[in-house]
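You will see chain A twice below: alongside chain B first, and alongside chain C after that.
For the complex of A and B:
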């Protein structure tokens, strides 16, 4: 087992900065996800952990040891690639046994451990097959077994589920999570799929352009995104982000979104907004927190239905209000006409405020606490 | 072909449904296409079949009527297997052994050089890599025959004239650009992930190459080995030019001498020795052609 630390970690490929001055602490036994759009440097981080890439600057610690110059074979790491990267000329057994054979472990120990781990992943029937004779899901298990057979200190998973079909992905998700919890191996999961990261990981590091934008628990990411990027990246359908100008009217802060879109906030928000005095503010609210109501209310804005989309259990309603477009996710099949006038209720405790200039979250009020904490 | 279509099967006045008619037409079209393809292949193959047939018949006949038609079966022409046609010729088996040596030497050299070179070109970054790649292409396009005289001088300087080693080194050098390109293609087909997996699994770079990469490029090695062997075995011009010493003759020199004999050309003997010369290559080719086919398809299917 190991705890991992990145200190000012940077990796450049020529002029491309793939990983940009990252600090990160991965706890012993934790499952941490690196989440971000493609090209943001996730795989590069993973390959530096594996020892394939050498950091350009900064340090990687395994416990208290700097491992920058330790070659892969000197680290106790298991790695599963998106492509599984099985050895096509070897049988499943030989694939799983490879990390042990290369270390010249005794034959009976190899045999015992290969069969043990294969049984755990329920592929003990397939040991004599070649990778080309396996389905994607089976190949994925073989790759996982090969990574686990040597009981590594650190398990690295690079988009391990992205080549599986939707159904198998859900199954495998919980299976990997169970396996990881059982073995207690420190694990880094790389993914661009927020659902994968949110459901599997204890903590998620959201990355963009080589930097970590936010590191927190899945619930916290959802509840309290620290900047506009995280706010827009986490959540499906994505959060409504409305650019507005702030003003004060009758002692109450108001957000003006243009062409008649006006939203009044309770007086307490003034402190919050003070952090962005003179600058535009982005008002964020998740579609599932927007309510469609029949009549005006204190926190309601008026709009016109632009489009509705039945998503199965819920309906996504796109409403135009002034210059703004707001999506509301409402349960069931809602009988709304296009062009119909509605009122949207934006409850203040679900409102996220961001500085449009710095893109940072404005300081929270205490009132945002209890209710919003409940993640659906 | 024997199965006639419903349309031709004697119910001409029957009214077909559209789909039956389409099926029938499709089947006729297919049959016609097959006939055409076979006809074309047979016609183009005829000269070859005729040539080889003549060679075989000729080698087993006493004389040639009008210089072309084989007459009277006999094994006379095959006597060279047990005794040289004249004192002028060296021992046949020694000559055969030399030919094999040339083919094997060339094969081993080509494989030994191109396998690691192609790996480096496929996987390592180093100064001059692109220039090297471009150069191998140019060299491959270069007709080897134009180098005949200069290589003669080089071999003389190295004291390799009149030796099989000299010839197979030259042949291997000429073969290498192609072999390197073929092998590089096979290496390129192996995904980086597989290689990195092996490193993470604890292998050294060399072990990764030896245990993971090499088995996957085996079809490539098989192909270039087969090509090298056949080219080496059938080499003519370099052997004739660089080797005079009868001790180092190959079958090419042997046949060349029969052709160039000052007395009347013995077609029977020529046919027999020619058959003797090509038989191993033909056998070899029959057994190895399935590997050769893979060159065009390239690589192995698997993991990635």
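For the complex of A and C:
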């Protein structure tokens, strides 16, 4: 087992900075996800962990040892690729046995361990097949077995579920998580799929353009995104982000979103907004926290239904309010006409505020019982 | 397909069929027919039945020539046309791309050189006097001039042909190696394989198809080519480097001892064609070309 540290880790390809001065601590036995859009440097991080790429600068520590110059064979790392990269000319057995054969382990030990790990992944019936005779899900398990067979200190998974169909993905998700917990092996999961990261990982590092934007638990990422990028990236459907100007009226802070969109906040928010005095503020609220109500209320804004979309269990309602467009996710099939006037209730405890200039989250209030401020 | 469109397709194929017929099939049939004659410089079609084949069976030179052919073909294949070209392809795909390309261009030069120029270049390199390139080096380092071609005739023709033959396989293997998805190599690396182990367990199996193609193709081309041997050794000294195709050529056109023996020369050519065909079938069978043909050339899943 191992704990991993990145210290000022940077990787450049010519003028492209793929990984930009990252610090990261991966705890022993933890499952950490690197989450971010395509091209943000996730795979590059993984390949540096595996020893396939050498960092341009900075250090990677396995426990207390700098491993920058240690080649892959000198590290105890198992790697699973999105494409699986099973050797097509070898049988499943030979594929799984390969890392042990390379290390010239005795035949009976190889045989025992291959069968053990294959049994654990429930592919012991398939050992004589060639990869081309397997389904995507089976190939994925073989790749996982090949990575696990020599009991590595660190397991690296690069988009392991992307090539599976939706149903299989859900199954495999929990299976990998169970396996990882059982073995207690430090694991880094790379994915662009937030659901995958949020459901599987203990902690998630959200990456953008080679940098880590936020590192926290899935629950905290959802409840307390630290900046606009994370706020917009995490959540499906994505958070409403409304650009507004702040003002104070009758001692209460008001957010003015243009063409009659005005939202009043409780007086306590003044402290919070003070951090962005003189600058625009982005008001964020998740669609699932927007309520459609029949009549005006303290925290309600008026709007007109622009579009509705039935998403099975819920309906996504797109409402125009002044210059702003707000989406509400409401349970069931809601009988709303396009053009109908409605009131949207934006409860203050669900409101996220960001500085439109720095894109950073404004300091939170300590609202008793509020979910938004409940930081574990 | 309607009858009309079938006719149309046949019409489109006709020119190439005609070309094949005129330039390959008819000469082949004529050669086959010629092998049953004792045709000489008078070019008369005098059929003598199986006499040429009987003569072949008794030709005391033939075992020697057969041995030469096998040694020449398989030594050149193993050392150069397949062996060394795999090594070059691996090395040039491993070093930075630019360096690799320049290196490959150097190896392509002999192929672009006219055979006579290339042959003369080697004659100068291997010249038995102290003026030859190799001998001037030997002399400069205190040795005595060596008569390279006379002392090492087989090595001479293997090396001179091999240096040209290398580039074909090198180019094919190089592009095959480059089209292996990077993940396979990374996976092998992560699994702990050294460079040589990656080559042995991953790269070479993944370029199996190009390997077999080049082997088969070069076998046939080596069996039938003799121009550099003709230029450098003329098959000598005393038949030491006479391969089958050169022997047939010498019988028909060459200046050894029996000129213009078109009939017997044709017999030898026909037998070579048959042997080549058998070799192709063996390759086909052993390496299961048919299966490979239906697979993508570079295996990926």
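As a convention for this text, the second predicted complex is superposed on the first by the 367 of 376 C-alpha atoms of A that agree within 3 Å, B and C clash if a C-alpha of one lies under 4 Å from a C-alpha of the other, contacts with A are read in each partner's own complex, and residues count from 1 in each chain.
To be clear about the criterion, contacts are C-beta pairs under 8 Å (C-beta built on N, C-alpha and C of every residue); 3 or more make two chains touch, one makes a residue touch a chain.
Please read these numbers as outputs of a predicted model, since none were measured by experiment.
Chemist: After lining both complexes up on chain A, report clash or fit for chain B versus chain C.
Modeler: Aligned on chain A, chain C clashes with chain B.
Chemist: Check whether A:81 is in contact with chain B, with chain C, with both or with neither, and answer first, second, both or neither.
Modeler: A:81 sits against chain B and chain C alike.
Chemist: Does the superposition put A:13 against chain B (first), chain C (second), both, or neither?
Modeler: A:13 sits against neither chain B nor chain C.
Chemist: Using the superposition on chain A described above, determine whether A:139 touches chain B (first), chain C (second), both, or neither.
Modeler: It touches chain B and chain C both.
Chemist: Across the two complexes, what residues of chain A are contacted by chain B and by chain C?
Modeler: Residues 47, 50-52, 71-73, 77-79, 81, 83-89, 98-99, 102-103, 131-132, 139, 146, 150, which sit in both footprints.
Chemist: Would you tell me which residues of chain B are touching chain A in their complex?
Modeler: Interface residues on chain B, with respect to chain A: 191, 193-194, 196-204, 207, 211-212, 215-216, 300-304.
Chemist: Tell me, which parts of chain C touch chain A in their complex?
Modeler: Residue positions touching the partner: 181, 183-184, 186-194, 197, 201-202, 205-206, 208, 299-301.
Chemist: Would you tell me which residues of chain A are touching chain B in their complex?
Modeler: Residues 47, 50-52, 71-73, 77-79, 81-89, 98-99, 102-103, 130-132, 139, 146, 150 of chain A touch chain B in their complex.
Chemist: For chain A, which residues count as touching chain C in their complex?
Modeler: Answer in residue numbers: 47, 50-52, 71-73, 77-79, 81, 83-89, 98-99, 102-103, 131-132, 139, 146, 150.
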